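Just below sit the structures, each encoded as structure tokens.
Two complexes follow with chain A in common, the first pairing it with chain B and the second with chain C.
Then we have the complex of A and B:
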């Protein structure tokens, strides 16, 4: 029993790491039907900028807003350079290549600025584990879970309650109608990219003390997060959290009960099943695309 | 005016051709990953090579000629290594090559040197097969002065099982060739002691969570964890142990001395043990001088050489090569090869004094008696056994009998 609790706790912590990254995919998809495939690299840039600030002597908590600001600017740049031209000419796939290309550029820049070694991100909380229900949890893992949930709640609240959020939702529901109603949909899409990279940068500094920080940290994590976004559903914030937790627990339990060589398999099998049975994701709303 | 120009041209041409006779430098290629995950080893190796070259050039060079290094970054990529090999051979026309950190890059690149009859001195890569890739050909141009994997794995088992008495051990190895070949070697060495590992687990490069692997080892009652992987993931293992509150000794391949393991694992990495050919301690006058001039020239952080083993082996590789060129009295590949296989004068290096380091059919300079066990403590690698440190002043010479003793079942 103790083992299972430990596996589930570790799985939840791991899953929340995936979920915070996956959340960014959902944000841009909601407004523009496009994804930022450089999400993992936005995360990496956030973590490395955060690390630089911390080494310069900025307090961890004070550094977070600065990194968020950086993320927002970076996201807006991606949208302006990579996504807007593609949307303008109504290209179905142009944005895929351009966000991937920008992601690679960001990675190469980071390799030149910070080197290609994995660096240690000093933990703002004690690194000794806490006993909880007979299993060990790191304080930093609790921070990731709490931080991720708070961030998602904040974004959801913003979308549902504020007038700007309503513009975002309106853009999602019908871009052309929203435009006719006087909503500057272009700005809304830029904003959603800024917000998505902001969450990625925030996620970066949140998870960096647990993962290790380096130019290549985004690649694997971004891919896993993509799987989470598909499993959970690209239109549902709640689904992303649950999708993350499902994938995280699937990885740790398979690793223990089956074989560590196969620990990535069940998550991907689940991905295939979801794609076959519920293409909109476990919690996504099925949308009928009118052609 | 025209006449003066002509005179200048003639004078210049004379000076140039005279220079070409007297001080045409000996070009040596240096290949390693100077950026990326293995860069701490690559850069330390390169700095060791630079240090030795500078010393040799200051005292007049080899055969009255200066050594000129041609350094290239292979980024730990096989295809880069191949490009560099061709550049070394066709464009730079190097006399010999030192370097290679990654076994894969070494294997991909050295066949070109074998064909071009240019000697290669591997100074860091440990894959057992490296020096045996061309065993079947009449001449093998590949040499090595690093502790290869087929002696490292038995040494790890010897340390964990015989010296420290752990009978239940778990193996954690990464899913790369390096990790999986190492795991095989470990299992073989354990079998020779009549031990089956209680758990054999795998992890991927960039894995961030090791809970499942560690819990399996813990539940199986492992008293020690034997590792074969590289720095960042090894650090995640140490961090995972801290998280689970389960602390058993880590014993593993020499990568446990990598700076990115020590830095990322922090206090959790203390106590990890690994075979080392050199530990940054001034135990002999030669080592003292080496450490002092390395720290003086390159000023590493906290006066810690990032990878002391790579630096020392890099340094030694140049002295071995210089000795061979001197003995051959030539820079032709086949003559250097013949000299390396039969070095008449001992070469005093940092790791050991090389007396007959190579022979035909035996291109590995390091035998099992030379490496000692290092232990991570307080962010550095120290001698694991106080006895080893006391004995360190006596330099261990190459001894093939030690290999046989270790490898016999």
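Then we have the complex of A and C:
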């Protein structure tokens, strides 16, 4: 029982990371109907840049805003190079190919800059576990959960309360109408990509002390987070938190009871099943196609 | 005809050159290289069906390729299976897994599908890695070249086997794509809604395309296992799957030459990057080439200097980079990434498309299919089944269609008598097109009953309804733009085919008969609507009025009992409208019942036997044209009532 509780706790922490990445997918999908296939690589870059900053002697807490800034710039670059031109030339899957290409480039550059080996990220909090409900919880895991929720809340508040956020929501509802109302939808889309990569980079520095950091850490995380985004519905709401937690727990328990080699399987199978049963996501609304 | 013979001769020369290659050049390294290219080409033929023809993105083909390789590998390693068994089993197993993936995955499209197939590929790789009791895990499996008919093949003989397989695959793929199956694949990309309404179930044919594609991936995989003589899980990774996709797009979609070209590039490119010296030469040559193209292009005013700036600077930067870096191998993936971006932005139609464009060649014009049966019948419209059967062909009652709070159709009843032309009119937004969509299964009504020829339509799929005898045209024309007029009609004739994949692959007499009949009938239908001169023209190039007529011809190909025409006269000139009226009358003479939505009142009033009027989703009048025209409610709906009119309590 103790072990199970513990697995659930670390599952929740992991799940929150998925939720944050999935949140990033939602942000860009909402404004532009596209998403960044290199989202996992945005996370990886965030983690590695953070690691370099920490090694250079920057305080962990001070490093976070810097990494967020980096993430935002990186996201904007992806949008400008990979997404905007592809949408403009109306190529069917141009943006899929170009974001994949950028992801590959980022990963390869990271391999050449930081090396191919996984690196240890120093934990900013004490690494001694706290007893909670009879199970050991790492302080870092609590930080991950709190940080992730704060991040998502902040973005949601921004979208709902500020005039800039209203522009984002308007673009989401009807891109053409928003454009006609004088909203610079191009800028909104760039902004949503910046925000999306920012959350991913933030997730990267959150998760990094718990796992190892390396060029390959992003790809599978990004894919599984997509499963979470699907469960939550790509266009709506907070179902992703629940989806993330379900997946996170499924993964830690599979890893423990079956074999760590199989730990990625539940998420991927879940993705296949959810799409087969409810393509709009468990919490998403089915759109009616118009002819 | 000459070009056809020319192409055939060219293919023959190519085939002979491939066969003779290992005799001329005895270096096993080059033989193996060419062998790998051919194996990839087989896979790419299949991938092109999914990517090029149905327009879906698959990131799961490396996984399928691995499945094929491991099926062969495990069968040989554990059971000592002979070559033919291994090849066939690989095709079968991979196609089966392709179906397992496709059944859930192809309900979605675009980014969803890309992610799902990616997830599938990743699962396959994990399973191969973990299930060591079958696959030997990360250790991999060693194989030797297989014996065939008791004789152990050596490197060169196996090469010939691959050549034969390549040619077989080429022929089979070519035949599939030229058949009704290929037309279905292309149609569902051109317009999914129209495909469904022509009885070609989009979902089913997407799955079909994917399964066929998986079969080829399986074949390629098994050949690869023998060719490499060693298989391990890490080969079939994300990088490979992206490479396959890149090859299809870079070579050129919808082109077998493109697939072979793409295969060549993705096999040779890594070798090129391994050799820095060679890469330096090539990148300099490339930079010069790009510059020449840019200068010529700008002078001929085909491109602006601004457009060419990025490729020029990019290629020069690449050349510079190649001299700066000591070894390219580490940067291989980045270079792939850059090439992908380049292909997406500057080479969308692939190398084949680019060359065609540059030399001003058009796509090989889809030849008019006239083989076999003599002259097309002047009157190819089938007499409607059940003509003279029960008098009501369609009965709808209490139909309610609700979108959120909006009742697009509110308690509508409609009875259509067999053999009549039934007009459906009403102001814009009154629910006419919604009614059409409900009748053809595009929308499932919120409530109400609809029966057609005694069977309920509610809840049935569009393609099922179409096959039972309801054909339609669309308010916004939904043709398969990249297909010729004749092919558009042939898609409508899809239901006349009984041939299966095997018939298509070996061209059995049954397939030949059906194919010739369909081609001929399609010409006949085009003649019926006066479009025979445009048979070989791509639908998107036809003038608007002709497109509307083509839609009617395509709908008639379904041999419908009931034909729904959604504003057929919209955008037509006065003489065209006269022609249209004549055509609709002729259609009725064949016993086909017609429901006509139209805003041209003269058309409606002169032709219809009965007219129903909708307003705000409700039926406000019904009867003979003259009576309806005089109805006070109808006049009010069209011209507006008086403000002060007292509301009835």
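The rule is short, and it goes like this: the second predicted complex is superposed on the first by the 266 of 291 C-alpha atoms of A that agree within 3 Å, B and C clash if a C-alpha of one lies under 4 Å from a C-alpha of the other, contacts with A are read in each partner's own complex, and residues count from 1 in each chain.
Note that a contact is a pair of C-beta atoms (placed from the backbone, for glycine too) under 8 Å apart; a residue touches a chain by one contact, two chains touch by 3 or more.
This structure is a prediction, so every number in the text was calculated from the model and none was measured.
**Q** Is A:136 touching the first partner chain B, the second partner chain C, both, or neither of them?
**A** First partner only, chain B.
**Q** Could you look at A:219 and tell me whether it touches chain B, chain C, both or neither (first, second, both, neither)?
**A** both
**Q** Let me test your reading of the model: by the given contact rule, A:80 touches which partner, first (chain B), second (chain C), both or neither?
**A** In the superposed model, A:80 contacts neither chain B nor chain C.
**Q** Identify the partner contact of A:7: answer first if only chain B is touched, second if only chain C is, both if each is, neither if none is.
**A** A:7 contacts chain B only, not chain C.
**Q** Check whether A:111 is in contact with chain B, with chain C, with both or with neither, and answer first, second, both or neither.
**A** Both: A:111 reaches chain B and chain C.
**Q** Applying the document's definition of touch, where does A:264 land relative to chain B and chain C: first, second, both, or neither?
**A** A:264: touches chain B and chain C.
**Q** Classify the contacts of A:35 with the two partner chains as first (chain B alone), second (chain C alone), both, or neither.
**A** So A:35 only meets chain C here.
**Q** Using the touch definition from the top, say if A:251 reaches chain B (first), chain C (second), both or neither.
**A** Only chain B; A:251 stays clear of chain C.
**Q** Check the residue A:160 against both partner chains and state whether it touches chain B (first), chain C (second), both, or neither.
**A** It touches nothing on chain B or chain C.
**Q** Pick out the shared contact residues on chain A: the ones touching chain B in one complex and chain C in the other.
**A** Common interface on chain A, chain B vs chain C: 111, 219-220, 259, 261, 264.
**Q** For the complex, give me every residue of chain A touching chain B.
**A** Against chain B, chain A makes touches at 3, 6-7, 10, 13-14, 17, 111, 115-120, 127-129, 136-138, 210-212, 214, 216-217, 219-221, 251-256, 259-261, 263-264.
**Q** In the complex, go through chain C and note every residue touching chain A.
**A** Those residues of chain C that touch chain A are 55, 57, 101, 103-105, 107-108, 110-112, 114-116, 118-120, 122-123, 126-127, 129-130, 193, 238-239, 242, 245-246, 249, 330-334, 336-338, 340-341, 343-345, 348, 403, 433, 437, 442-443, 474.
**Q** So in the complex, which bits of chain A are touching chain C?
**A** 29, 34-35, 37, 81-82, 85-86, 89, 91-94, 96-98, 100-102, 104-105, 107-109, 111-112, 219-220, 223, 226-227, 230, 259, 261-262, 264-265, 268-269, 271-273, 275-276, 279, 288-289, 291
**Q** If you look only at chain B, which of its residues touch chain A in the complex?
**A** 35-37, 39-40, 175, 201-204, 206, 208-209, 211-213, 215-216, 219, 231-232, 235-236, 242-245, 260, 263-264, 266
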